[in-house]
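We just call them A, B, C, D and E in the order they show up, numbering each chain from 1.
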Amino acid sequence: MEKNLNNAREEIIRRSGVNPSKCMKCGKCSGTCPAYDEMEYHPHQFVYMVETGDIEPLLKSQSIYRCLSCFACVDRCPRGVEPAKIVEAVRLEVIRQQGANHLKAEGVAENLDEEIPQQAIVTAFRKYTK
Amino acid sequence: MKVTYFPGCTLKNKAKQLDIYGHKCAKALGVELEEIEKWQCCGGAFTTSSDEIATKLSSVRALKEAESKNQPLVSLCSACHNVLKQTNHAIQTNETFRARVNNYMADGEYNGGAKVMHYLELLRDVIGYDAVKEKVVNALNGKKVACYYGCLLLRPSKVMQMDDPENPQIMENLVRALGGEPILFPYKNECCGAYVSFENKDYTAVKSGKICNNATLNGADIILTACPLCKYNLEKCGSDIPVVYFTELLAEAFGIKE
Amino acid sequence: MQRIGVFVCWCGSNIAATVDVEAVSQALAKEPGVVHSANYQYMCSQAGQDLIRAAIKEHKLTGIVVCSCSPRMHEMTFRKTAESAGINPYMVEIANIREQCSWIHKDILTGTEKAIVLGRTAIAKVNLNAPLTAGESPVTKRALVIGGGIAGIQTALDIADAGFEVDIVEKNPTIGGKMAQLDKTFPTLDCAACILTPKMVDVAQHEKIRIFSYSEVAAVKGFVGNFDVTIKKKARYVREDVCTGCGLCTEKCPVKKVPNEFNLGMDTRRAIYIPFAQAVPKVATIDADYCNMLKNGKCGVCSKVCTAKAIDYEQKDTLIEEKYGAIVVATGFNPISMEKFDEYAYSQSKDVVTSLEFERIMNAAGPTQGKLVRPSDGKHPHTLVFVQCVGSRCANCAEKGKEYCSKICCMYTAKHAMLTRDKYPDTDVYVFYIDVRTPGKNFDEFYRRAAEEYGVHYVKGMVGKVMPEGDKLMVRASDLIANKQINIAADMVILAAAIEPDKSARSIATMLTASMDTNDFFTEAHPKLRPVESPTAGIFLSGACQGPKDIPETVAQAGAAAAKVIGLLAKDKLKGNPCVASSNELMCNGCSSCERVCPYGAISYVDKEFRGPNRTVLVRRVAQVNPAVCQGCGACTVACPSGAMDLKGFATKQIMAEVDAICK
Amino acid sequence: MQKITREILIDKAAFLLSTGVVGSVFGWRAGEFDYDVTPALFTDKTDLKNNFVFGDFCGANVSKYLIKATKNAEEKILVFLKPCDTYSFNQLLTEHRFNREKVYVVGIPCEGMADVRKIKEKAGEGILKISSTEDGVIVDTLYNGTISLKKEDILLERCKNCKSKKHVAYDELIGEDGTVLENDRFDEVAALEAMSPEERFNFWQNELSRCIRCNACRDVCPACTCEKCVFDNPESGVENKAAYNSFEEKMFHIIRAFHVAGRCTDCGECSRVCPQHIPLHLLNRKFIKDINQFYGEYQAGEEVGSRAPLVNYTKEDIEPNDAVNKGDK
Amino acid sequence: MQVNEFKPKIVAFCCNWCSYAGADLAGSNRLSYPADVKIIRVPCSCRVNPMFILRAFQRGADGVIICGCHPGDCHYTSGNYYTRRRMALLFSMLDYLGIEKDRMRLEWVSAAEGAKFATTMNEFTEKIISLGENKRLEDLRCKK
């Protein structure tokens, strides 16, 4: 991942429309996150690390695929910071790289079962691939 | 009255009951769901990133059609509703986004004139629960119902504006109108695990399991939902509490369920 | 023609660094009317003022222009200087060449050029200035205090002790306010009732104080020193002068299920009630919404049992007109509604309570007689979770809650946690905080004691969600220090709800024409230097109506407001602002446009006789301005089509001259 | 055109004079030519019989004259008011400009008044006689013989877009009262608004540069009743007697329009009397149109005592910056 | 520096209680804005007579801006509400006469908004510079 990371910070902020410096470090996002235990970096860390420009660990972390986009953090943040949008912007930073799709077409079949709704498949593709 | 209807892929496939009973109940209430002729998949998720344009165009086309017919755009699937509503909101509030989208719109601009409405909102705000009540033939007789909203109907609440995002009552009041008894259900807006079930079923089973558990603990007979993916996840988590679409319950109360 | 002196101040280097003061004073010397022009290092200093005084004498100056800092800073100073040298203080104009010039421009050429224009503009105005004399008005030596909480009580006592009459208007049946509902007070842990109720008794017994309880301010007219206030005394259906407060009626009343507001609805009272044992006045009140006799004429039990014959079902609201010289607002605060914060399940479980409710639970006179039990099942709770900043410190864009810090929550939560652990050592107490803010005397020590000596678990992080499950409250929160999400099965959750100004404050502010901020807190005349005065003359602020405050701060401010009121009432006459509107009767059409835009009702009309042609007499309706009421906004001057209405000190011709000078 | 004849009015006036209800009559006095009619006060019955006229050239709004006429009048004054005049009448009462008790109002219907300029344009100079017909006039001229003209071609501009045939004030009515009419009086304003700023500037530059500052518009305007006009008052800072440069006439007309904004009843007298044919009513109508759009429909003079929009407000009023940009995307 | 660089003349009417204090705050915080802006202090924005604005234009101002307390915060409770109506109508009228509508502006600036004051003045000046000299309204004969 040879990318100008300073640029990545600006890019993530621009794309997400989130101003991480609005964060007052209360931790309510992480206190509310249903995917917390699955994540190496937690919502408040995403906000803080983007604010300080510490992007690389986030890009490499599986945490970006664990966010459920449930928007609970967005709704409950007392400062209107919208952490989920930051997570999504970081994920896009990764999957928009050439060949960096998180889901490979060949892996799809094994995940399917009889009842799985189409909604799950399209959403997963929208979230995990370019 | 007529409304423009956006079914979405899942309703034509794995979630046919949601669609079929949605149509039947609407008919019983004197509303025709006029399906958009050439609808395309909404994409399943609204990408919040401001530079995503192409993936949102199918929604914009649907919105434009509803606007041109001067009808509200109604959907049943939570995901479709969420994507349509968020897209519409982005068009209305973000000038750059609107301009960029309209670069792709071959036959005329769309500027956010459509009104996006979930079927539940149609019932509550347009038809009214009193009118719904009048159509009930098989009252639910105090059936204990856990109304499960999940995320997509409620959040982001600034955009969705369906109800109080922390303690919504739109489904509860519907259940009451049908003669059922909604239970106290604090997990009603917890995430079921969503699309992660596609690659990690154990993970979603934990999330959904907590929800079903809370419903059972609080005495529910069934869980009510509007979302095919939620239904799938809740049913796969190992709990045996039945999960039904709200349109099914509606049809049951109206006596039009086969 | 005026003889104008121009005085250019260097303000040390504040002005002189970016404005060539010598060049400015030379350039301005050539302006029409200017007979003297000088510059000096600090015009506002004693030496600078002496310089001005000497020049006035020497050059027989009639007008002064000082090129210096903002008139908001030293206009008064220079007016006094001029006055002491024998010229009218309103013959002074300030050219603001510091804030508007030297401080914002870096280049000396630009700064100097602009300073000359600003000076020229002030000179153009002074050329048209006329001496103004302030009118005088008498002072009614009585004060009104709106609100009978600790703020109002303290203010009233202090004013009354100085020998002036005070009336307290309290909307509830008793004075005492929020403090009467509190259990203990931080950081000393003395009981609130023990320190408050003696003050309430003092108020009741003070010969200079009258209490209008169960009353509201209905209308306010007039101006500083001369307010006419209409007080609405709500019908309480009990004759205050006769009721002995024996309380028999409140025991016999058959309507038992009325939510008791004093205990925040956690228990019930009768339809006729005395809010609490130490109420002042200790008089019963009938709640018309619940009383069977008032609703359908069937009952009358209270009347039968009352030996004093105090019950009067026919009582009506009465309006009382009173005159005051000063008004103190002490309308206080309330916790915000938890409706929009249902992630904490306040509406879903009785065991989620606000801190004020917890205060009542802990209070020996409360619904549980001070026993800590769960409201849902009366069981003793073992795990308690306190959540701080519920609705405080919320960004505007979050669309719920308040932007400000409510200030008192950190300390009362520490108090609650400490008292809980003290009385019930078998409990686990968690406090979730964003920051613990304890800037007060002995405050931080108090908080540390809670953590260190009483073993309260302070967790840095916020609660994300509370979910009732069975008889437990599942609390999900983050522990930011451990970088963990933690789940606690709690028995009770206590929410430190943000506080907001009382809802009545907005309408009172409108009646008083006192300004408020966007949060409905009253605005002070100056945030630092005049913190207990409203910008509207004669209106003073006491307690939490001006901003969140704890008890010691409230009492301090209450005393300060009283001191300001005493200072006002001690005067026999007030000098008004001479920059008021006045109508030229020769040109006035009597059309009423000005009267309609006047926010103070300062304009009235009279039929006046004028000499017409050929010795005839014409009667015309013309406007007259009451200079004591007019505040000088100038709205009338623009509403007036004929230009008959003008504003002294800001006359049309003066402003036109300024415009011309700038555009030259 | 007019259905009411001078005889009916003279009879009414004579009756009211002789019964002592009124002491004088305000109406229109005949001039040298048929179209040359002046508002005037009649105290004498003979004078009334000989010189009182009513016809297609009685467009003048006589409300304003009541201020002066009532000043020293001992007895009531009879005044004949057309529907549009009654709005001005009410507006003047709202502003306490005269005493209602001193006036006896007889409301008279109006079929629309004729514009002599338009007649002259069509019939040429040398007009000898103009007689009214059912749907127009017949003009006898010196050079062009007898010409018959249709009503719609000769109506005063303001009558073409008559806003109301309803009397909002009267003590007595002659004939049936009419109703408030649908009209498109704002079309011209809208057409101007649709132009580019340059076109608008050129339009007004062309119109207003013809102004000779004769003050006729001000003197006739029933809203311009100031004891002393700001433009005549040295204290006001804007005093001047004539248009002496390219901006002065603009300033005069903008300020005049602003001073009457919210008080102007749109009677159209300003344009009727302008010797330079400047469409001054388009300035007033712009204010009326904006007021209606920004603050809700308001008709000055409809009701005595109503609060004019400029001495009123709501907390949600449009912001000025939005007000000027409302047409933009 | 260009010799004939356009230096606009801008008149700013500021109410004493909010906007003038806001300008003072901008000064105290050393927030610069162009020297072309000259402030006239009025007790309240409602003291600003349309005549003043026209007079400024007549005497060669290139832009006029009126600043007052935010609606609801008027020191005199309602003055700025009247200003808002008067200016809405006046601006609309000037626009109707074909005068560049961006030459006049109304802004609400509180005593706490020093930064807003400076930004507003910077933006407004920039706008006026882009519009160039006020030819449509200026009275040449009043120039020296």
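The definition used in the following text is that a contact is a pair of C-beta atoms (placed from the backbone, for glycine too) under 8 Å apart; a residue touches a chain by one contact, two chains touch by 3 or more.
Quick caveat, the model's predicted, so the values are computed rather than measured.
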item	value
Co-neighbours of chain D and chain C - touch as defined	E
Starting at chain B, fewest touch steps before arriving at chain D	2
Greatest separation from chain E - chain, by CA centre	B
Chain pair showing more contacts of the two, C-E and A-C	C-E
Chain whose Cα centroid lies at the greatest distance from that of chain A	D
Inter-centroid spacing, chain E versus chain D (mean Cα positions, whole Å)	36
Gap in Å, rounded to a whole number, between the CA centres of chain E and chain B	51
For chain A paired with chain B, centre-to-centre distance based on mean C-alpha positions, whole Å	24
Distance between the centres, which are taken as Cα means, of chain C and chain B, whole angstrom	48
Residues of chain D touching at least two other chains	230, 236-238, 310-312
Junction residues of chain E, two or more chains touched	50-51, 55, 72, 78, 82, 86, 142
Residues of chain A touching at least two other chains	72
Which chain pairs touch, all of them	A-B, A-C, B-C, C-D, C-E, D-E
Interface residues, chain C side, partner chain B - complex	339-343, 345, 347-348, 399, 465-470, 474
Residues of chain E touching chain D in the complex	50-51, 54-55, 57-58, 71-72, 78, 81-82, 84-101, 105-106, 136-142
Residue numbers on chain C that touch chain E, as the complex places them	70-72, 96, 98-101, 103-106, 110-111, 113-114, 117-118, 121, 510, 513, 515, 517-518, 535, 579, 597, 599-600, 631-635, 637-639, 647, 650, 652, 655-656, 658-660, 662-664
Partner chain A, residues of chain B touching it in the complex	8-10, 13-15, 41, 43-45, 47-52, 55, 77, 79, 151, 154-157, 165, 189-191, 193-199, 203, 207, 227-229, 231-232, 235-236
Contacting residues of chain C [partner chain A, same complex]	343, 389, 393-399, 401, 432, 434, 460-465, 476-480, 483, 485
